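Right after this note come the structures.
Each of the next two complexes has chain A plus one more chain, namely chain B in the first and chain C in the second.
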Partner chain A sequence: MSARYDVAIIGAGLVGCAAAFELGLRGRRVAVLDQGEVNRGASGRNAGSLHFQIEPRMLEGGADPQRLAQLIPVNLRAIEDWRELPGRLRREIELVMHGGLMVAETAGERELLVRKSEVETRGGLPVRLVEGEELSRVAPYLAERVRCASYCTAEGHANPRLVTPAFAAAARHLGGEIMTGARVGGLEGRPEGWRIHIEWLRQQSGTAAASSLDAEAVLVAAGAWSPEILAPYGVRVPLVPVALSMNVTERCAPVVHHLVQHVGRRLSVKQVEAGNVLIGGGWPASLFGSETLGPNPEVWLREDSMIGNAAMAIHVVPVLAGLNLIRTWSGIASVSVDHLPVLGAIASMPGVFIAAGESSFTLGPTYARLVSELICLGQASMPIGLYRPDRFEPAADRSA
Partner chain B sequence: MGFRVTSGTFRPDQVSFTFDGVAIEAYPAETVAAALIANDVRGFRRDRSGRLRGPYCNMGTCFECVVEVRAPARASGVPFCDPHVPWRTVRACLLRVEAGLEVRSRKAPGIKDLSA
Partner chain C sequence: MIASERCDLAIVGAGPGGLAAALVATECGLDVCLLDEQPRLGGQIYRQPPLGFRVDSWLAGRVYRRGRALLKRAETLRGLRHIPEATVWGLFSPEPAAGESRHRVCFERAGELSALDARYVLLASGCYEMPVPFPGWHLPGVMSVGAIQTLLKSQRVAAGRNVILAGSHPLLLIAADQLLEAGVRVSAVIFSQSPGAMIRMLASPVPLISALPQLLHGARCVRRIRRAGVPLLSGHVVTEALGSDTVEAVRVCPSGHHGESRVIACDTVGLCYGFLASTELARQAGARCAWETGSGWVVRTDEFMRSSVPNIRVAGELIGVAGAEAAALSGEIAALGIVSDAGYLTAGAASIRSRQLRRRLGRLRTFAARLAEVAAPSPELLRRLAPPETLLCRCEEVTVGTLGDALRADPAVESASTAKLLTRVGMGMCQGRMCEHAVRRLLGEFRGRALEEIPGFVPRPPVKPIPLAALAARATLPPLDPKDRVA
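Our next item is the complex of A and B:
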């Protein structure tokens, strides 16, 4: 007989571990399965930015205010969630919420910031435009060519190498089980829930590991891998994998006091607790392989991304030219066509849920809370209909 | 104690560079680390806790020998002399001495001070 759980979670990244914590708090018996290790996916490789302003990539192709407004409520919730997190987890996550600046150089970029911040202000997001004298006072480290920035006082960063392990430890403390080297090979519908078939990718110590477990509900929290988990059941998850790169400099005395992003270029800069400056912002790495990622996706770093990203950082924060880069790495994120999360129930598979995609470092704790409410109470505490996984399917399919 | 092999060797003329303002004599093609050791300098920098650190692997792997250098504009062997970035972080065991090179050690907390 297979062991029985209330919820089986596929993926031990931030979203999976945070959901295990939230479900554990609600008294659910949870198993988390990961083909690799805890935090070895995007959650342990990202920039750690907590960006609550509307993202520059959402502004591409003209800013439609209505579309932009759709992400504000979940970002507002994320601000609250992060503020509460240190107290809830009671573990060090190097959370800093000193504010973030999205900078503009040209008149066109400034115009974009103005329109964006109007939408944000109307939606209740704490954002204001800072320029001239005030900007040099707030952020003296910015290049003179930066003429204007939208300032969101709640933004900041946390350490991606600490956040997910902190959730995992808190989930285990509540009785959650986390199984690593355990690749989910298939989901089998049964009258009382789902049977999850496991392929063990590593030798398990002790007694032979069971080849399946049973659960009433299943949460797919497998980031960029989510589509290939559900594809065999005819479910199309509207996410595509994107390989991105990150860079980090040697440590230096405090100089960059905010999260810095650029409204028109790919850039994110922040200085972490230890003094290192993290440089990212969506510069690509190369992803090889077939249509599925599998357990060991092949990603190659690109020299042009490393150089381009570093040059862009110096362009905006000139003093960084005096630092050496000490590491570059990559990770696989996943994006949706409309830049909204994929969050909700899978209509054709009762009891199966998904929470994945987009900026789920910033929004991950919030996805986890909302999807846990959906699983336990049948409804989330805020409207999430816009994020439904089948939003791109023709309406006819949906009712079927 | 550091020492140079002297018997049976032929060496070119010495060049001079500075370490924290003190003149150090070295032979061309020596690394900064080798020259400092030969001059009995053991503490190359201070770490976060203020302790002295110095070369460990002498082959570019451990980063224990990190110092900061500033080079005269025409220094040929120093690829990074950039007037906008005076002080560069380098591993002393990988950099060859150069006449006029200025080398400085890092004080606690052992990290780069971009304002100095």
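Our next item is the complex of A and C:
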């Protein structure tokens, strides 16, 4: 006899644990499975930025304003979601929403910011252009070469160390079960839902571990690992794994008061509560391996990324030159061709859903909310068609 | 990119292991670079005074004769490139598919970064005392016995005026002898083991014979300590360092659960509960390691000290802490393997030359294993020394109790890295060197697993902190588009 659940969630990262929490609030009996531990993938290894401005990579090649406008509603929802989160979770997540600056150095970059903030303002995002004296007042730590910035007052950061464990603890409090070291061996369709076969990668302490469980619905929230979970069933998840690197300095007195990004170059800088400065912004690490990532993908930090990222950080925030780098790490994110997440029902597997990829820290709690609504109510409270898993398939194959 | 030079062999660490390897490899014709954090050759065991200083009767003892000879040969050897005051912070290995395979050894020197592109890398970075958390261990004046020795050896600096030495390792005896010889007052030497346990160590004749010089040296130290009237306490532990801004006294208790505690005044405490090999570079490079009591993470090798990463070799304490003579032997064996792999020596010759060395090394390692067994503090003792209010991670000020609470609250935490994410243990400037083993021990206790099974923090570059500006100085940022520039 397999234990029965309403929803089985594959992946104990931010999206999986947040969905377990949301589904628990809706009275669902939930099990979360992860081949590793809670929060050990990209959810715990990103830099914790909460960035709600349209990302620079969305602006590449002069994206059309109409398409950009479509990106805004989910960010507005995410701002609300983060504001409510400390109260809903009642746990410390070191949430700071003091504002974020996307900086520009050149006339061309400034032009990009102007166009971007017009779209954002129209869409209701609290963004404005700051330059000259006002910029030096708002952010005296920026280099003189920074001439202009778009300022989004809602941006900031939360601590990736704490957010997912907080969701996990809250989900457990609601009766959710989180099983770690539990690799999904297979999904078997049954009249009343799905049977999930489990391969235990570690010896379990306590009671003997079951080899399968049954669930009415399955949510794949395994980030970069999602494609390899669904591949055996002929489902092509349009996500590609990307290893990114992050750097952190020793602690210092508060100096960087915002999330700092660059519109034309790869950079994100922020100072966390403990005083360390986190430096990232999409610099790659090397990811070796075969077609599947497996439980322990081989990731190597790259010398050129460390150098480039350090240089960019000092270029924009010169005071960082006085600090020591004490640690680097990498996480495996997943990206799609259109930089949008994969969120929705899997058409060919009734009762199987997915929520993975792209901006899953900033937007993860919102993705989890939306997909939980979809599972429980049959539709999400805002349009998510943009993110449908089969959006790259030939139109004829689409069911609706 | 970091500007680099090429060499056949880069050796990290100029202690006995690195020195012995450098001699063999250079004499066989390899282009060798020897990197070390210190200004002069010798490592910690043969720590030399700075150039321009003279220390009378430096390392005069008989046991150092071999070391002094090794140093002399290395210092006069032509063709060996010594790169002093260099901190190696990262090893970047060629991508598996890459054609030419050279390892990139990145180091910082005087605030600047450089690199060596080496065909072979030999890591001989030594070991450090296993830090043991107990109340007050962060107070100034509480230090490792090695630190006290370093101050003495290099500049004849006495770490304090009134020293207490405590722990479980016989190195305490040697340090006490050196301090007394330098005229420093030693108020007590305190061993956690019972006298019976220490005698049992000597019961087996095999290790006894192979380590006769070391044992005789130890016996001479004991005689001189007794003659100086220094109390030699066994079966006791320092359970607390007392003082406000600096250590002023220690609380000493019987190792068993019964008996009264007493307070002994001092201004310096030197501790040694055994050692941890400095394998962070090897682990960062992906070399397969295993946990061994008395040595920490040690690198798994074949008979020529080849690690699991092609062309990365190890020597000295990195294969298991066994002291200077064993380090020199393993360094020599590793070098023979390298010169024969590089085609400078036939495999047969390397095999013949290493056979004798390997036999001696085997005997020394048997002795070292026995010593480690006797010297290792029991898990019960370590637990007793660290009640919940004890600082576990000194950098981030996380207590034993805080980690315990986190482990109780989240039953899914299974590794040191996850514990780090939850509590910040190991996130500071020491990069986990001080607390990793204690974190893992606690995890093992909570989860009912053996220490060997608990994964440690993941070592990544930089394995030592480096100035951000030094990294940035090596960058060539892509120039701005000229059309984009505003006049």
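Heads up, the rule we're going with is that the second predicted complex is superposed on the first by the 397 of 400 C-alpha atoms of A that agree within 3 Å, B and C clash if a C-alpha of one lies under 4 Å from a C-alpha of the other, contacts with A are read in each partner's own complex, and residues count from 1 in each chain.
One rule holds in what follows: a residue touches a chain if its C-beta (ideal position, glycine included) is under 8 Å from a C-beta of that chain, and two chains touch if they have at least 3 such contacts.
Just so we're clear, the structure is a prediction, and the values are computed from it rather than from any experiment.
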Room on chain A for both chain B and chain C (clash or fit): clash
Partner chain(s) touched by A:Leu301 [first = chain B, second = chain C, both, neither]: second
Which of chain B and chain C A:Gly275 touches, first, second, both or neither: first
First (chain B), second (chain C), both or neither touched by A:Pro365: neither
First, second, both or neither for A:Gly357, with chain B first and chain C second: neither
First (chain B), second (chain C), both or neither touched by A:Val255: first
Chain B versus chain C as contact partner of A:Gly48, first or second or both or neither: neither
Contacts of A:Val319 with chain B and chain C, given as first, second, both or neither: first
First, second, both or neither for A:Gly176, with chain B first and chain C second: neither
Contact breadth on chain A, by residue count: chain C or chain B: C
Listed stretches 26-34, 62-70, 98-106 or 152-160 of chain C, narrowed to the one that overlaps chain B: 152-160
Shared chain A contacts, counted only where both chain B and chain C touch the same residue: 250-251, 321-324
Residue ranges of chain C touching chain A (in the complex, touch as defined): 1-2, 90, 92-93, 95-96, 104, 106, 396, 409-410, 412-415, 417-418, 421-422, 424, 427-429, 431, 447-448, 458, 460-462, 465-469, 471-472, 474-475, 477, 480-481, 483-486
Interfacial residue positions of chain A with respect to chain B in the complex: 250-253, 255, 275, 318-319, 321-324
Chain B residues touching chain A - in the complex, by the definition given at the top: 82, 84-89, 109-115
Residues of chain A defined as touching chain C within the complex: 12, 37-40, 44, 105-109, 147, 161-162, 165, 168-169, 178, 180-181, 202, 205, 249-251, 274, 276, 286, 288, 300-304, 306-308, 310-315, 320-330
